[in-house]
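Same chain, two partners: chain A is paired with chain B first, then with chain C.
After this line comes the complex of A and B, so read on.
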């Protein structure tokens, strides 16, 4: 076995034994928690027996159900539109924060950065509950409206797509902020100074310099939020009050309530296909942007 | 003036971002039995109820145990994998790298269905082994990341000096390398603990009654009721998150770890 790279070790007999010891536990763990599940998932989506991945014959009926039933078409469309809406608003709201944090020279910058990404480390269940409190029929907004005598009946803000969208935007924003912060390395204050010294207006500096340079970061943020939004199920389920049907909620329904595991597997594969095609489109777009 | 508007806009977005956490803290002190806003009077009543709720207490205990086991296992596995990836050049290295990053590329809900299908025939659904294995897959990428970063900053000459003076490879690792990478190790372990402790999506597919975790119990509770008890419980969880955030920030910096 040939070794490349100067600082790393040459592979000799005793080294190879050492390497094996280092690799085996991790590879075993990742095999049972990632590789096997993906294979079992693919197999189960063709299975004729309802509770087992293997055993039983092969059939295409679950894909047939997932791809021809008008209900699942509606579910797929709901999922896509939720993903697009959520990533649009998450990007719109994250962009000013990321721009502010990248350009700030304040001594509070570290604290403000931590504050923007820290919500990632609180459970999505807890933050979804927070939105139930804010948007509920007797929640913060409706309570305030009624206290001010602006409305008598509660305004329907939760148990619908609106509530699920708002909560998901907030829950996924830290991801887009992180992605943008990582992608804004090319922003250079000197370029902006040069442009304004040459007489460009603030708006022109933004359109011609800041926005084009931050576009890759924006795109990465949008992609991340989109893929997380289309695979979410806890927030759509709780905020939707059982009235929002997306791929995530239906996979959960089939897997744990209806106990139709092959259909759950087939729907997961559909979700994965959607997921992968978006990533491929994104990579094409990014390459064009950089060319 | 435009600067003032800009900062106002930033403040408003921050308010939106932190709103659910702020609101949960306020509601947790409400005295009423049902969810309503604004609170009429404040008390610790909801907290007392949480501490008297046997379901939540035992779920909390299980979540902590599972989190500790996951954190420890993810650190051990992460250290071994990082040593291999940083210190050796071998055929298939790229493959190993891919396998470590791959769980990031698959939606948790898809992974959850797959893991459920693998665990079911082994009778591992709703068992400690099952849930710990399931959480291991999504936490190892994080520990590998923080530990690899620490390992790459270790000066190899210090290790070589110890080797020259007759230290065995294991002694070098234990006395020199380990103390040097300790911040990355602890940060990775803490993040792994928290991810496991907060995880709901995969857990809801794997556990039901016997080893239900705190997030799954909260989820099940929220499907029927939204009373302030959950707010008090949420505040306790947020407090744990804050401790973790500060620890990770001090150890290696939050942005580098996530």
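After this line comes the complex of A and C, so read on.
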């Protein structure tokens, strides 16, 4: 998933063998935890039995159901728009922080970087509950507004897309900060100095030097947040209060409530295909940008 | 002072938290079109001076004047100086031509006028055919020439070069030396360049400022610095030397420990302790006599036009550079006599005994 475009190092003959050996444990782990489940998922999507047992016959009916039902198209659009909105705001909010951390020469820089990504130490569930406390109908914000008699009815801040978006943006920001820090390798204070010696004001140094050079990092951060946001389940589910229908919540619904595993699998495969192609196209563009 | 193009007056820089200043009351003045080399060991403050002139860091105290105008308050982007950074600092997301055009664009020069100016600048540094290349696809020497073109195309008041040649191999470095010098004299731009390579400084600059620990030890033409160094530091830093110290026994004559009497041409009080120096190329093979020292050749390095030999005399080592066309060349183990004319002995300092 990492898209930091560091150029691969040249690998020569005898190193190659060593490299393969070193790759084996990782590849094995990926096989069992990623590839095998994916194969199972693909097989399950064609299954005729509702618990998606192996063996039975094959059918395309679940794909037919998934692709013709307008509800699922709406879910796909919801997911896409949530992903785009969340990445947009996460990037906007992370960029100044990542830029500051990269450019800072303070000796507190390490501490500040650790602080910026420290939220990763708590689980997304805990942080989602945190946002429920803040944005809930009887939460901090509404409580304050009502105590000040500014409103009588609670302002709807949670149990909707707004709440899910806010919580996802905050929860995913550390990832985009990390991705940006990794992607800002081409930023170099001397380039900024060179530009200002050539007559560029601070603003123009930003537009002509800092922004273009940090673009790969920004786009990588956006992609990472997008991928995490469209596959999120806990936060949209809890913050959406069952009223936000996205990929994660719907697959969960089909699998655990309706107990239609093959349909859940078919939905997953369709959305997987859809979003993988988005990501592949995006990465192509990103690579061209960095070349 | 108004005939001087650049005047640096009592410049001081103490970095925050530092106990001693990195640049300590440095002053110099440059006429238009002159090239000054700032020379000194690592950490002596050369880059710091350059960066203060450029406006990239603020002086602790002191003044910098350009064309008789104080510029300490002028922001970097309005100083109109060209800078060639040690690592070139080319913009990696632009082409060669894009890099060169950047400064013109910042000056609001219309697109139609930029093209020809960029082409002329690139032609000057022999990169005319590579304008469309990305700078990441240039060799080290080409990158450097691109950086020079970029800094010259804006017709700067002053060109600053921070060890522009240190990343290049020896052969390319020699070529670039000549090229920079040639471009500088052709464009008539006043230039300050930093180096810690004495050959580079001697061969390129009109004048040299030799620095040590934040201070200028001596400033002068290459010849003055080489032939009349102001003190031991300068003498030792520029060129090789045989350092001899002794007591003055008669007017213009000192008794050098282990060597015997040496005559020199400088007023020194009888009885005082003097430090003298003889450059290796000042020694000649001669018959034993006054101002001559005899010893066995114990090292010999053949350098094409020059033969460097070392002899031991009374526990001291003397080094001499002889021209290889000077007839007989001594062999190792041979006993030779090296003589020096009194006028070729450099007087460095004198201390009351």
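Basically, the second predicted complex is superposed on the first by the 257 of 291 C-alpha atoms of A that agree within 3 Å, B and C clash if a C-alpha of one lies under 4 Å from a C-alpha of the other, contacts with A are read in each partner's own complex, and residues count from 1 in each chain.
Everything that follows uses one rule, which is that a residue touches a chain if its C-beta (ideal position, glycine included) is under 8 Å from a C-beta of that chain, and two chains touch if they have at least 3 such contacts.
Since this is a predicted model, take the numbers as computed values, not measurements.
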- Query: In the superposed arrangement, does A:258 touch chain B (first), chain C (second), both or neither?
  - Reply: neither
Quick check for you: in the superposed arrangement, does A:191 touch first (chain B), second (chain C), both or neither? second
Classify the contacts of A:283 with the two partner chains as first (chain B alone), second (chain C alone), both, or neither.
neither
>> With both complexes overlaid on chain A, does A:200 touch chain B (first), chain C (second), both or neither?
In response: second
- [ ] Figure out whether A:32 sits in contact with chain B (first) or chain C (second), or with both, or with neither.
- [x] first
**Report entry** Touched partner set for A:151, first chain B, second chain C, both or neither
**Finding:** neither
Winner on chain A touched-residue count between chain B and chain C: chain B
Looking at the overlay, does A:212 come into contact with chain B only (first), chain C only (second), both, or neither?
second
The shared contact residues of chain A with chain B and chain C are none
Chain B partner, complex, touching residues on chain A are 1, 3-5, 7-9, 11, 15, 18-19, 21-23, 25-27, 29-30, 32-38, 40-41, 44, 51-54, 93, 96-97, 100, 112-134, 136, 138-140, 143-144, 147, 167, 170, 173-174, 178, 181, 202, 227-228, 230-234, 238, 248, 251-252, 255-256, 261, 264-265, 268, 271-272, 275, 279
Residue positions on chain A within touch of chain C in the complex are 186, 188, 190-191, 193-201, 204, 208-209, 212-213
In their shared complex, chain A is touched by residues of chain C numbered 54, 56, 75-83, 85, 87, 89-93, 102-103, 106-107, 150-151, 154
Touching chain A in the complex, chain B uses residues 2, 6, 9-10, 13-14, 16-21, 23-24, 27, 34-38, 73, 76-78, 80-81, 83-84, 86-91, 96, 99-100, 102-103, 105-118, 120-121, 133-134, 136-138, 140, 156, 169, 194, 197-201, 204-205, 215, 218-219, 222-223, 226, 230-231, 234, 237-238, 241-242, 244-245, 249, 254-255, 258
